[in-house]
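In the two complexes that follow, chain A is the common piece, with chain B as its partner first and chain C second.
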Partner chain A sequence: MIPARGAWHGFRMAGILALLGAAAFPLYWMLVTSLTPSSDLFADSARIWPKFSEVGVYADAFRTTGIARWVGNSLIVAVGTTLVSLALAIFPAYALSRFRFRGMTLVGLGLFITQMLPEAMLVVPLYAIFGDLALLNTLTGLILANVAFTVPVITWILKGAIDGVPIDIEEAARIDGCSRLDIVLAVVLPLVAPTLAAAAVIAFFHGWNEYVFAQTLISDQELRTASVGLAGFVGELSTPIHTVMAIGLMYTLPAVIFYLFVQRYVVAGMTAGGVKG
Partner chain B sequence: MASIRLKGVTRIFGSKTAVSDVSIDVADREFLVLLGPSGCGKSTLLRMLAGLESLSYGEIHLNERRVDQLPPSARDMAFVFQSYALYPHMTVRRNITFPLIMRNFKWWFHLPIIGGMAKRRIEQSPAVHDLVAKTAKILALTDMLDRFPRTLSGGQRQRVALGRAMVRQPQVFLMDEPLSNLDAKLRMSMRAEIIKLHREVGGTFVYVTHDQVEAMTMGTKIALMRDGVVQQFGTPREIYLNPANTFVARFIGTPPMNLVEARIRGANLQVGEASLELPEHLAKFAGAERAVLLGIRPNQLQIASSSGRGLAGRIALVEHVGAESVIDVHLDRAATAHLEDGEGRNEVMITVAGYSELRPGDPVNVSLDLRETVLFDPASGARMRATDAAHPG
Partner chain C sequence: MTSGSADSGRLEGSRWTPYLFVAPVAVYLLVFQGYPLLQELFLSFTSTSLLAPAQHTFVGAANYTDLATTTDFRKVLWITALYTAACVVLAIGLGLLTALLLNSPFHGRGVARAMVTIPWAAPPVAVALIFVWIYNAQYGIFNRVLRYLGFASGTENWLDNPSLALPAILITTVWQIFPFASVVILSALQGVSEELRDAAVIDGADRLSVFKAVVWPTIQPTVMLLALFITIWSLRRFDLIWLMTQGGPIGSTNTLVIELYRRAFVYRDLGQAAAVGMVGLSIALAVTVVYFRLTIRTERAKGQR
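Coming up: the complex of A and B.
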């Protein structure tokens, strides 16, 4: 028997709420923990509701730690990684999708293989190279290191999207007087905008979350990113749990805001109606 | 004024010759239809004209100016795609204006806000605005200018594609099966619109189709192609009355021309059991006995139920089309040469006016009216010309 429409709807909503809860609960737990006095932290019964009188912990964390600067650095790295990766990936993605050239498979495969190398393996050689190029201890160097990892993924994702743009539309643009560059910028990019937004999300979060390079390539306190700064609180003897949770929440929020801003561009069906079928 | 001259245009893909040595002259304001079955090279030829495909050999001249090395945008030709190829992210107005924007394009038009303002300025300039309004009015798109292509029906999208071609006011319109995605009724009305467009806009049209009805109704000239070779180039009437070979004869006309095996005997033509006097226009072929193929249109055959001076046969199929009926008759003693039917079917198609009461299996007698018939050489399939008369086979 087919369940009634209402029952099916309720069933679906329950499923969505369960998934949403699983994703949101850790964030909520961070909030509750950050607003729990240290004396209650190890109480037998866990606190369910945050104690808002403890909100001063945020002001303290903001004042006493470098969180503002770290988040600022993370933002520079993440935005830089996003912009540079997109700018670098668009043209190879177009070339892989539209041109036939000798060694094409090899280039594609090479991009893929770089994805299989773990970051930890590349840290030492990168450190040596960046030392020679005077890129150690700079955010530019960190951005470049991140870009090296995001560009191949984004290239492949964009190639897939560009494959889906009907060639007729490009030919129409050629007849209307577009150069190759005009076609890519004025016709292809707007049509792959949803994928571009998805690619931006990938690059942004890679730059935002990245830890290994940030820890190794940056030694200056002032240039630390939030991921490294946060880890610095985990001490051998003690960890100020509610401060860490407060900072963690402040570290998470900009990323959530970025995602909320971008996700409205991630809508499918842009190419609908351009060509028949 | 745009005359097009193709000289030995050839396109080879690997080991396959898609277009072979095409030489055609198209006068200004001509409506040339490139006609042929799928895979005959007609679309490739059109794409070479547009500059979307390069030539292996040959030359293309537009008004005595050689254009085959020029990029598509420098040829002053507009192209209408079978798939419409509209820009989905632009409104109908922007789709139509796009070629005009590209004419004055600067690199900084790519910049986000400034570029958008510049493009809008061109769009709203009086000259462009009026031209778009006029075009939209002709194509009945005025109410849809601010909508996106995905909200339009197939016929409306095709009109937008036409509009985008028209605003450029090009010397040549190239169209690649623009109507084949539309349903039959819409196709009829769009066909009329394109003919009207040709009359009003002027310009030279080159139109690709596999539909011989479209070719006959729209074209002032037809180039019928097969396997990359132009089989015949001429006016629709010429091609209909004097097909160059059996392929052309069978391709043009619905139902197609019947090809019946016959023999010339002196001044007579022996078809099956009937011996008929050669009509005046074929009298030059009189002479020694030889085999020929008689090409005869379905409306030049008549059905007489009683026995007479015709070909005996039996009704195989009756199709009622409305104003006329198409009747397949299996001939008892005459053979046909329709390649696509295979051997031994020996059926001819006959059109009769009105609703035929004949039923399959009825014995009939078919009489032939030889006045507009054509003779083909059975070996080569080519139409016999006066020079062939001197060399009886």
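Coming up: the complex of A and C.
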């Protein structure tokens, strides 16, 4: 161990505090802004503490905007994206880890290339395809569009985790008469549970955050997601800024709190899944 | 780690099993990614309007030659390169610093590690929203602080000034992505050998030499891969930039993806937009190929040592 001299330790702690402050500040500022009376927002000096008696702004925002429905829709999309992504990714991840087969490199390459395709580029042809498949203006359609972007990443991470599962365990199960399907679902999956959790979180956040598809493939007001609803307020001036920030926080805070609870699993799962490739 | 692949010959089962396992995803991705991509490729050789997307006039390579000859597009490429390079350097630099600071134990390290990842969990649309407010010329906290500290730039309209908009977007982007870099580097740091580190310290090495001799060689492959991913993600980042500046003012934050979106949905020119998309994809592919070449070379060089 390098001996921690006093000066170095103090220096290090100051650095850490500065970083944490920078990381947390914008969300804190969202809170402060939402809990500041309109008159104070445009005063000469800024109010830097939230005024908790202003909390009624949240009830107002809840009543006057569609935020409740938007967040509900985002939740459906996020959960749907998670479930479909996992269901689709498990078997190819297993196959890529356990078999050598012709065309394998092609599959790997295909998965990687999807990482380079911007949503904005595919949205025009997808719009036409979705029209043909009657998926336009449906949350199902939005989920399917999102899954196309999450499945490759998740497949890759899961493959890395399955690589780490000793094959002897599978052979033992095989001797006991388990089918391949049983082995994947009952033997391998429980062993990669931490990575599965990490993959689920990644898919969930993708669905929760996604904007381009939600903006383009959905036109029905009732089906609007929170990302699109909130984007409508960026740079707009007729809605009071504290209301907008209250809405923003109602969309952001659940995600951040959820993330803080699961982050340790995400990090552990990604490490097991070998982000290192 | 390779036990699975090495032993797979022994796995029984039909030779069709792997194909059966891969087929659903393959079909899925072909429908939702492969087919649209081919259509974009086709569109890039046509003149097609957003108002009549089914009517194509074949124009050969005209969309591409147009791009090659306009100075506007050269500016788009330059801004994309600048934005991407700055994202990679700043996010990895800050991520590395964070990881090193949070690596050895101290009271509250767990909380600090969790807190530092907050930006990564915030939805980009919300991030754009709060940063537009923070950068507000008159009432934004950014300028209020600058004015308080006596800086002349405290009255600037950051997102409306052609020379300040890109830095403002960069600050926002780096704020959002550096936690990812730090988490990944932090996990790579767990592989650094304590013995080697101690030995170097006993030999009288200072912190910088320990880092260069022991830490960096261990985490270098991870950092390289991270650089590749941040490059690819920065090339395709849309929501943050679009919502904050829409590529402006006067094109100063107009990256490839913004330009693509603008051509498709503002100028309604799907052919041109597709050509821009193809150029972007080629750049991403080229970067990836270079990356893998470099990795292979580095690994060979290590093997010869």
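Quick note on the criterion: the second predicted complex is superposed on the first by the 231 of 277 C-alpha atoms of A that agree within 3 Å, B and C clash if a C-alpha of one lies under 4 Å from a C-alpha of the other, contacts with A are read in each partner's own complex, and residues count from 1 in each chain.
Note that contacts are C-beta pairs under 8 Å (C-beta built on N, C-alpha and C of every residue); 3 or more make two chains touch, one makes a residue touch a chain.
These figures come from a predicted structure and were not determined experimentally.
**Q** Between chain B and chain C, pick out the one touching the greater number of residues of chain A.
**A** The partner that reaches more residues of chain A in the superposed model: C.
**Q** Based on the superposed arrangement, let me know which partner A:Phe101 touches: chain B (first), chain C (second), both, or neither?
**A** second
**Q** In the overlaid three-chain picture, which partner chain does A:Cys178 touch, first (chain B) or second (chain C), both, or neither?
**A** Touch status of A:Cys178: first partner only.
**Q** Just chain B (first), just chain C (second), both, or neither: which does A:Ile67 touch?
**A** Once the two structures are laid over each other on A, A:Ile67 reaches no partner at all.
**Q** Can A:Leu41 be said to touch chain B (first), chain C (second), both, or neither?
**A** second
**Q** Tell me which partner A:Leu86 touches in the superposition: chain B (first), chain C (second), both or neither.
**A** The answer is neither, since A:Leu86 touches no partner chain.
**Q** For A:Met13, select first, second, both or neither according to whether it touches chain B, chain C, the two together, or no partner.
**A** second
**Q** With the two structures laid over each other on chain A, which partner does A:Leu191 touch: chain B (first), chain C (second), both, or neither?
**A** First partner only, chain B.
**Q** Of the two partner chains, chain B (first) and chain C (second), which one does A:Pro166 touch, if any: first, second, both, or neither?
**A** Both partners.
**Q** Share the list of chain A residues that count as touching for chain B in one structure and for chain C in the other.
**A** 166, 171, 174, 270-271, 274-277.
**Q** Which residues of chain C touch chain A in the complex?
**A** My answer: residues 1-5, 7-13, 15, 17-19, 21-22, 24-26, 28-29, 31-37, 39-40, 43, 50, 53-54, 97-98, 101-102, 106, 112, 114-134, 138-139, 141, 144, 175, 179, 183-184, 186-188, 190, 197-198, 201, 207, 210, 221-222, 225, 229, 232, 235-236, 238-239, 243-244, 257, 260-261, 264, 270, 273-274, 277, 280-281, 284-285, 288.
**Q** Name, in rising order, each residue of chain B that touches chain A in their complex.
**A** My answer: residues 50-52, 71-73, 77-79, 81-89, 98-99, 102-103, 105, 109-110, 148-152, 154, 157, 164, 168, 181.
**Q** Please give the residue numbers of chain A that touch chain C in the complex, ascending.
**A** 1-2, 12-13, 15-16, 19-20, 22-24, 26-27, 29-30, 33, 41-42, 45-46, 88-89, 91-92, 94-101, 103-104, 107, 110-122, 124-126, 128-129, 144-145, 147-148, 151-152, 155, 162-167, 170-171, 174, 180, 205, 208-209, 211-212, 226-227, 230-231, 233-235, 241, 244-245, 248-249, 251-252, 255-256, 258-260, 263-264, 267, 270-271, 274-277
**Q** Inside the complex, what are the residues of chain A that reach chain B?
**A** Against chain B, chain A makes touches at 166, 168-169, 171-178, 182, 185-187, 190-191, 193, 269-277.
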